[in-house]
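Both complexes shown next keep chain A, but they swap its partner, so chain B is in the first and chain C is in the second.
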Partner chain A sequence: MKALFSKKSLIVFGVYLLVAGLFPFFGSDYFLSVGIIMGLHAIVTIGLSLVMGYAGQISLGQAAFWGIGAYTTGILTTKWGMSPWFALLIAALIPAIAAFLMARAIAGLQGYYLAMATLAMGFIVQIVFGEWESVTGGMGGLVGIPALPLFDDLGVDFYYLVWGMVTLVLLFSLGIIHSRIGRAFRAIHKSEIAATSIGINVANYKLLAFVLSGLFAGISGGLYANYMGIIDPQPFGLHESIKFLTMVVVGGAASVWGALLGTILIGSIGEVMLILSEHFPMLKGDMDTIVYGAILVLCIIFMPEGLVPRLQKIMAKRQEEPLPAERKLGA
Partner chain B sequence: MTDFFQFLVNGLVSGGIYAIVAIGFVTIYQVSKVINLAQGEFLMLGGLIAVTLLGTGMSYGLAFVLSVLMVTLIGMLLQRFVVRYGPMSNQISLIILTIGLSILIRGVASMFWGKDAYALAPFTSNEPITFSGISMAQQSLWVILAVLLLLFVFWFLMNKTLLGKKMYACSVNLLATRLMGINPNKMALLAFAMSAASGAIAGIAIAPLNVTSYDVGVMLGIKGFSAAILGGLQNPIGVTAAGFLIGLVEAFGAGLISSGLKDAIVFLLIIGVLMIKPTGLFGEPSVGKGGL
Partner chain C sequence: MKLVEVQELSRSFGGVQAVKNVSFHVNEGEIVALIGPNGAGKSTVLNMVSGVIPPSSGEIAYRGQSLKKVAGDRYAGLGITRTFQNLQTFDDMTVLENVMTGLHSCTKSGVFSCGLKLPFARKEEEEMKKQAMQWLKLVGISHLALLKAERLSYGQLRLMEIARAMCSGPGFLLLDEPAAGLNHTETAQMTNTFRKFKEMGTSLLLVEHDMDMIMNLADRIIVLDQGAKIAEGTPQEIQEDARVIAAYLGQEEDSA
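== the complex of A and B ==
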């Protein structure tokens, strides 16, 4: 826990609070909505970073849990007339349960096989959203999802709700990482066999990572449904899953701050591309996919650990602290 | 009964394509342990380059050969300048790398060809063949023929030539392979060339059956990946069988249950199989267990 409250991490946290807190005062309504969507994405990617960076697994279907959260809120509020707050609670739980079931079902899969299974799961969920018309409204989706009471102007209030949630999720994840559980995660990431040999129940910890990622995605999905008011199957597919993956990889999977930074970075690039395409018509089309693809490729080749861990390494070098290995020897 | 044979034919045609894509995956995987998720893009590029070359008034045969050659070159360039520098020991990073590549290729393709759909002329006439109530596009016959030919070529290369033995050696023991004077990088380059070429041929063969556009590679690649995983990534015969199985399940699922659910049925099948056999239908049992 010491590392969590070190001077450095408090400074980082202070800067984060300042930027996130002051952002609404410097932008237009449009930027506010961009900030809200970024916050919603960040909640998902922080969960995904627990799965990828800490437990060392991969999920190519994270958008499915996000979608399950959104659809839970959508169905419960529009078809069952449930209160949005209560629906949000259930929207967090159902994806967590779905993640639990999925993780149990694909127990024992590794590497490419795990990638395939999560990919398949993502597709199945999206197809069900589109085909189960009587419940999900099919391709037309659900309309008229009510906003959350107390936050129903969907402006600055909602922004603070979303980023408050991001902060909670962030602190919760940091707490986990700096606890016994986090050390177990890292041990699993390094070597599952070694982790098993020192008495870590690898299966349970992996399950926990998936369930937490499902929970976070569900919270974000539920809020997304409240914010948009309408949902359809389109944003909950492979494209979005890969976008989440890109955000985590760029920022650095083995760092919760990395997931947050990656989300903001990729989100900003998307916005910049949008603005550029207005001024340069030839950039219209899939310019942003080219940029995302290039970022992924360059990142894996030149900076496989991601932005934040790389920055940490550079900072550590500059301060000429002893290397972790030396510190261990000295102790 | 007619329906049954109709579904069977449809299933065999798409299954054959999935089998080719899956063999492309396995060829690269065996040599370099890389799963190239950009495999589907080779099919897309094959079809679209052929369309463009035909548009310049080139003869069909020449356009076919040229587009296969161009896609092969692209595949080799990808291996030589990108994949070779990937983190070979980390499967998850490799997945992300090749996903990035596929997005990149698709994006570039969308700049060249836009988001329109293109129709490629069939190899021979458009007239369907009708045989006791079952109708079949002539192109479907060509697809099946191309698939059989490619399967034979792969089988021959891998089993009857020294080159095949060298590539197989890379999958057995990399160090020993090096010591025998075989350059694994060269073999990996060759594997990429082979899967790009076979992908391009498959892409050109199926393009006339349906329209083709910049994003047809996504689903073809994923279905091929599914077949490769279902077959167990190990032997080409296993993944070929898995490819046909996926094609048939899809065709019968679409015909008998619902066309909207056909992909969901295929993916459920895959998850079901993986739950029972975590290394696919024909994969070797994994050594050393550390999963969930």
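== the complex of A and C ==
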């Protein structure tokens, strides 16, 4: 029986644990909150990379699932008085169910049409958050969402809770990728006709990818509501969806590590811009959207496969062996 | 014993009738070749029998079961697999992973046992690796197992695709021009590999233009011309059939 993980992936994982684990010791409270938000984003983007990089689908409305998770926690705790832990569980499930229903409805769509349908879904969900006042609190949002018991100081403890969740989601996704399920995702990405011929139900696997991404987004959204204590419709729209998409594409869609790295990279750029904007007022406001858009365009032109796959390719080139000598057929 | 029975199969695309009332059968342990000039409807027949496109009318039965209401992704589980004329391989996966996808229909680890790496899923994964490796050995490219498929030559990709289709142990394998793009030696080697498949109990239906391969390999040949079956028989009979020579072999020999 072989080892569970290869040596190389153990090293990568070790570095990840070290960086994520030691981060809180090197920064102020402000950086801690940046780390928490990055972790929450990473949970969403890892799920999105399963949909985009592996199953080859697209979602321009991922922030909607994130928002459904946040609102589920918000409504259940503030209006129904439910325990925050139990609410978090339901906050993971409801977006997964929403993703299931959406994916069922648009199962036959491909390419531009799928992109447009997910885009529209994102708008609809955000409008519902804003207009369904009796339940969602409308544009004013929900206030007084309780923190999670045991993690209610919202500092270092919560940071570790979030990154513990990132680690779980990461390991779960890696497990899936290196299994028959992950290969089925990649197979339908390359050739639906070939996938069908070897017994893969294409529609079901697309559905599964969306459901997993909805589940992850829901977990993250629920935690976000617990962390913020107050939510309104504003962060759950197109702006955020495009940001998630940019993170995944820049890091490398066909790699969960890429999604993580892309999230940290884009998140850091956002922070740098925030700091710069104190000195350069022109960088205030929606300037970050323009920068993310520009990064997305440049990335698609010059590095369409994304950062991590590009690095892997360069590493592989360096130690590439010549093809093994061909043996005789059937020998 | 009839493994596959095709009755009165027709298919039209818009106004063009690509296949007209074609009937034939494949016996267990038999290699049947489907030949005919370009546009005769061979690939269309193959696509219908493998569940890629539905027939306009007609019946296809496998082991006595009608395939009319069977979804395309369930064919592999029943024991019907295929390869494609224009390779349909997964070039971002390793060669081994490509072949492992072929075991999808006979494995069952679910999303949670895979995600959590439960012992059952890990054991199944190891089994898949072993089995896929055996098939790579059988077709002769096991030394390439860990390379990305994109680095393989055309002939090697064909072999990989065949291993992918065979590793689930199908009863019926459909091959769409397996020798296209191969040189003489490679074709001869592939012919031997197909004989091995037959010995293992898999029946083959192949569409092919390479007459050497067909005459060497096929137990029976079905000739299509303009969507209709014009002849059926042993290689010997087909070579002597006047209609076939008129429709096909004469022209083909000139150009080949």
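Methods note: the second predicted complex is superposed on the first by the 309 of 331 C-alpha atoms of A that agree within 3 Å, B and C clash if a C-alpha of one lies under 4 Å from a C-alpha of the other, contacts with A are read in each partner's own complex, and residues count from 1 in each chain.
Everything below uses one rule, namely that a contact is a pair of C-beta atoms (placed from the backbone, for glycine too) under 8 Å apart; a residue touches a chain by one contact, two chains touch by 3 or more.
Here the structure is a predicted model, which means the values were calculated and not measured.
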item	value
First, second, both or neither for A:297, with chain B first and chain C second	first
Contacts of A:212 with chain B and chain C, given as first, second, both or neither	second
Which superposed partner A:193 touches (first chain B, second chain C, both, neither)	both
First, second, both or neither for A:202, with chain B first and chain C second	both
First, second, both or neither for A:76, with chain B first and chain C second	neither
Of chain B and chain C, the chain that contacts the larger number of chain A residues	B
Touched partner set for A:176, first chain B, second chain C, both or neither	second
Chain A positions touched by chain B in one structure and by chain C in the second	193, 196, 202
Chain B to chain A touching residues, read off their complex	35, 82, 85-87, 90-93, 95-97, 99-108, 110-111, 114-115, 214, 218, 222, 225-226, 229, 233, 258, 260-261, 263-264, 267-268, 270-271, 274-275, 278-280, 286, 288-292
Residues of chain A defined as touching chain C within the complex	1-2, 4, 172-173, 175-176, 178-184, 186-187, 190-191, 193-202, 208, 212, 254, 323-331
Footprint of chain A on chain C - complex, ascending	50-52, 71-77, 81-82, 84, 88-93, 97, 100-105, 107, 109-111, 114-117, 121-122, 124-126, 128, 138-140, 143-144, 147, 151, 156, 159, 164-165, 168, 186, 189-190, 192-193, 196
In the complex with chain B, residue positions of chain A that touch it	52, 56-58, 60, 103-113, 115-117, 119-121, 123-124, 127-128, 130-131, 192-193, 196, 202-203, 206-207, 238, 242, 245-246, 249, 285-297, 299-301, 304
